[in-house]
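We call the chains A, B, C and D, going by the order they appear; numbering starts again at 1 in every chain.
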Amino acid sequence: MIKAEQKSIEKLLEYLAPYGKIMLAGCGACVTVCQAGGEKDVALLASALRMARQKTGQPLEILEVTPARQCEPEFALELADPIGKVEAVLSVSCGVGVQTLARHFPATMIFPGVNTKFLGETVAHGVWEERCQACGDCLLEKTAGICPIARCAKQLLNGPCGGSSQGKCEIKQETDCAWQLIYDRSKSLGRLHRLTEMIPAKRWGVQSRDSGPRRIVREDLKV
Amino acid sequence: MKAGSNLEKAFAQGHFAVTSELGPPKGNDVGVVQRKVDFLRGCVDAVNVTDNQTAIVRMSSIATSALVVQMGMEPVMQMVTRDRNRIAMQSDLFGATALGIRNIVCLTGDHHTFGNQVNSKNVHDLDSVQLINMVKTMRDEKMLLGGEEKIEGDINMFIGGAANPFGDPFEFRALRTAKKAAAGVDFIQTQCIYDMERFKEWMKMIRDLGVHEKVHIMAGITPLKSAGMARYMAKNVSGITIPQAIIDRMAKAAKGAEEGIKICVEQIQEVREIEGVHGVHIMAIEWEQMIGRIVEQAGLLPRPQLE
Amino acid sequence: MYQSVYGDKPSSSLQPIALEPEALVIGGGVVGLTAARELAREGVRTVIVERTQELGGGIRELRFFYDRNGDVREWLAELVSAVVGDGNITVLKGARLKRFEGRFGHFRAVIGMDGGEERLLSPSVVVLATGRLSRPSPAPDDDRVIGLAEMERLLEESPALPLDRQGRQVETIAFLLDRTDEDIKIHSVNAIKQAALLQERGCRAVVAARDLKVSAAGMEILYRRAREKGVLFFKYDAPPVLSPAENAINVSLEDATALRQEDRETFNLACDLVVAPESFAADPAMEELCRLLGIRPGVDGRPAEDNPQLQRIASNRRGIFLAGACRFPQLVSESLTEARAVVQEALALLGNGTYAPANPVAEVDPGKCAVCYTCARLCPHGAIGIEKYGERNVYAGPAAENGGAVWGAARVEPAACFGCGVCVAECPARAITLCR
Amino acid sequence: MSNFEPRIVAFCCEQSGVPAAEMAKSLKLEMPSDLEFVPVPCSGRIETLQLMKALESGADGVVVFACHEENCRYLQGNRRLKGRVGYAKRLIAGIGWEKERLDVFNLATNDGVKFAELLREKAEQLRPLGPSPGK
């Protein structure tokens, strides 16, 4: 799922300084799972913001709302009435939610409350790691199920680079070297021979975001 | 002959080649280049020109290499895939060959977070193996990547790559170098060697794969200036392992620099006996003035004048 | 061989639901008033929501009936007083529909009054009768070119010759009907009616049309009466050209009644007045109304009927009906027929106060529902909604039983479901079954 | 293989396919022998999965009788079905089955004759293809 991290409270207070009444919109899906924008996080952040503004003498009235998802037009439109009553919205859903609200409420400023980070896996409770860059042309078949595009700092397709040592990436000690993992797993699967053939240059410009913002249309469903 | 460069001739005529490394200035002071070239004149068959090494902004490798050519020495232009996409790299190759540059070393390059532009967006459109293959295709099939267009003119480059026998997973290192050989590399310069045993083991695996006949392996050598430098490199330059024996030897020596040079010469003599090693690549980071002495003490002078 | 089209267990939700005899009529025009009056007569408590401060709607421009004598305004006044006097009907003027939720059997409508006050209604049926806006036709900017409405007023103000307008003698009037679009008859009816009345007053009336629409009850008789009174009818292909003459407008048109091209003559009619019928404009509020009511928008700013093959007065959602000019600009008589048809269908639905689904009904298993909104979005009859998740609009886990009310999952309103099964096929979680 | 009698599953929309089928029966029109009808309230009820399952479990041909494009009693049902049949056709073509094994025909309520004709033509078309590869 999409993983995100809340922005610092100072930054959020800076956004909300000019407003007296806002909506704090959470999201019931991905950001709930990574504890950045679920109903509990909304309540937590709301009380922190209220207390901060209490101190400065300009109280902040917050309308707390957490629809099931913020990336469906219908859920966004359900917030139409409450949004009509607030001066601005602080959305702690991922970047998709913020932009969905922005598209549907042209007259209301929608502030991002979190930094959307990556598509990732819950490695442990409270620990999430990047797994996918949505490059549009999955090559996991070539690398035994470990993606170098997402998990190698230099996105090497014919790794490892010279800096891989004791299974760790030279850049961050806590990060496993993707190519060490690829090597180990290929070996255990008996697919080492696949790593001796050069993976050709990737067609970034055709399927990844380098081809510009992408769109999927299922003609059979569109009707 | 693939490119007709001096380095290629050295290998072709069976000489034990010697290359060194030159770091371009952090600005446009041509004098820095001139000084380093003068140190190396006559001591090496060709000199590597680094490409924003450790992601620290320096004069570009193509410009510096062109200057080296004007100064009458043969450069080995390094190109990293960190900073340029395939369009930039192919157009730079056009320019480089036009400016008389005949050797290239294709590298992935150090991650930009090591350098002084931590906020930059890295490119990594290709990796070193794909770059090697691209240059080979441009040279041998006169084709751009993607294969549609014909190239006007010849891209005669003697293609080099790097290898790190001391990185992990060790068993895969030789295989990866074989992969580069298949991709079309002509010579390989290894990371600087301190753990001689591991290097010999790596060379054996290279020989078992028959790579040493397809590719000229050059052993990487870096003289240590002091025990401090040795400890520093062992600790935070990943991919380099320095046996404790060498660190102790450096610590005991009265003048670290002299001991470093002595060790360096011993290493050169030792690697010369290893079957499959066709040359040595001496990287004296900001110590180019010592190269002359090292090469001379190692008995590698005078360098052959090849035509 | 294939997974059965219908679920095996009978649906728990096929029991009949209670229906309060309450109706909401949107639009205080002649159609809305008629529908409200008929519903009230059958004991249905009706609320009329009229956007302006005056009842009557578009018909207030008319004075004369085309097929019988009598003053339209008297007839309208009598209807309005009957409605206002009826105990079962509440009239809300200066009011509009602000919000509309729920499905058949559980509609909730919030009416916003001009004063800012709001009213909550829970109608069982809704009648959409908001009529059409008419805009002066884009005639050349000559003050002697007027619309049908203005001609109707002129006729009312001067019952006999000399007909004068702004002090000028009016003798020859030409009606140009080339702006009638394909299937709208109303302009032809009014033009011929007015031409006949003008002839009675001694004027010379001319009607020029691309093709005359007379396919309505009593239209043939009206046409013959006009001919008998001396109204001249011209048929043309190329639109007539208007050009100012000394103190008249010259209308030159090539009469297309002659069969052979060379026999066609060009006529130049010097007229004191030219009548160009108004054109009908889409009511911008209709698009918003369709969205609020959740009904299918049609073409050219009209609401769409449920299905062209079936009743034209039913919208695609059970319990919501369309009638009158808002559905299609037509003769008042035709609109009134539609009003009565709506009343009959509404009464059939309300029945004896209960409604039992007559068709198989889809049912969502909340445990499997991923709240992906596909079914609510696709249901052709707006019968599926995502249940509000509690007052604080928070997302509770699926199938969190909460006193029978299931939160956070899609729910099909049995009474509103037509049993087509599209949602069942389209649901990515295969959480919906069709139960008989 | 000429006497091979293809097994056909016909999904029929209750608004068009079913009345047409009843009309064909009452007119005693000649129809393929190995035929199975699946009545559905609207062709929009037919899932891509049901089309595939019918083929997978032994049908040599699957046909869907849906209303004409603008006549769907439930507005868009038949257009959604058309999309699904298109998807399924691409799927079976992708796995090397003949596209003719899956088809959709648009009918009106009184198309009894056309119904029988279409089924006979489909049986004719399937005969040379032989039993379904899935058998």
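One rule holds for everything that comes next: a contact is a pair of C-beta atoms (placed from the backbone, for glycine too) under 8 Å apart; a residue touches a chain by one contact, two chains touch by 3 or more.
A quick note: this is a predicted structure, and the numbers were derived from the prediction, not measured.
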Need the central chain here, defined by C-alpha centroid distance to the all-chain C-alpha centroid. A
In whole angstrom, what separates the CA-based centres of chain A and chain C? 48
Cα centroid separation between chain A and chain D, in whole Å? 45
Where the CA atoms of chain A average out and where those of chain B average out, how many Å apart are those spots? 40
Intercentroid distance (Cα basis), chain C paired with chain B, Å: 82
For chain D, residues that touch 2 or more chains besides their own: 76, 80, 84
Which chain A residues touch at least two other chains? 221
Which chain B residues touch at least two other chains? none
Can you give me every chain pair that touches, using the contact definition above? A-B, A-C, A-D, C-D
Quick check: in the complex, which residue numbers of chain C touch chain A? 99, 371-373, 376-377, 386, 389, 392-395, 408, 426
List the residues on chain A that touch chain C in their complex, please. 28, 32, 39, 64-69, 72, 74-75, 78, 81-82, 221
Counting only contacts in the complex, chain B reaches chain A at residues 81-82, 86, 108-111, 113-114, 122, 124-130, 133-134, 145, 162-164, 166-169, 172, 175-176, 178-179, 182-183, 191, 238-239
Chain D partner, complex, touching residues on chain A are 219-223
Quick one: which bits of chain D touch chain C in the complex? Just the residue numbers, please. 9, 36, 38-42, 44-47, 49-50, 53-54, 57-59, 70-77, 80, 84
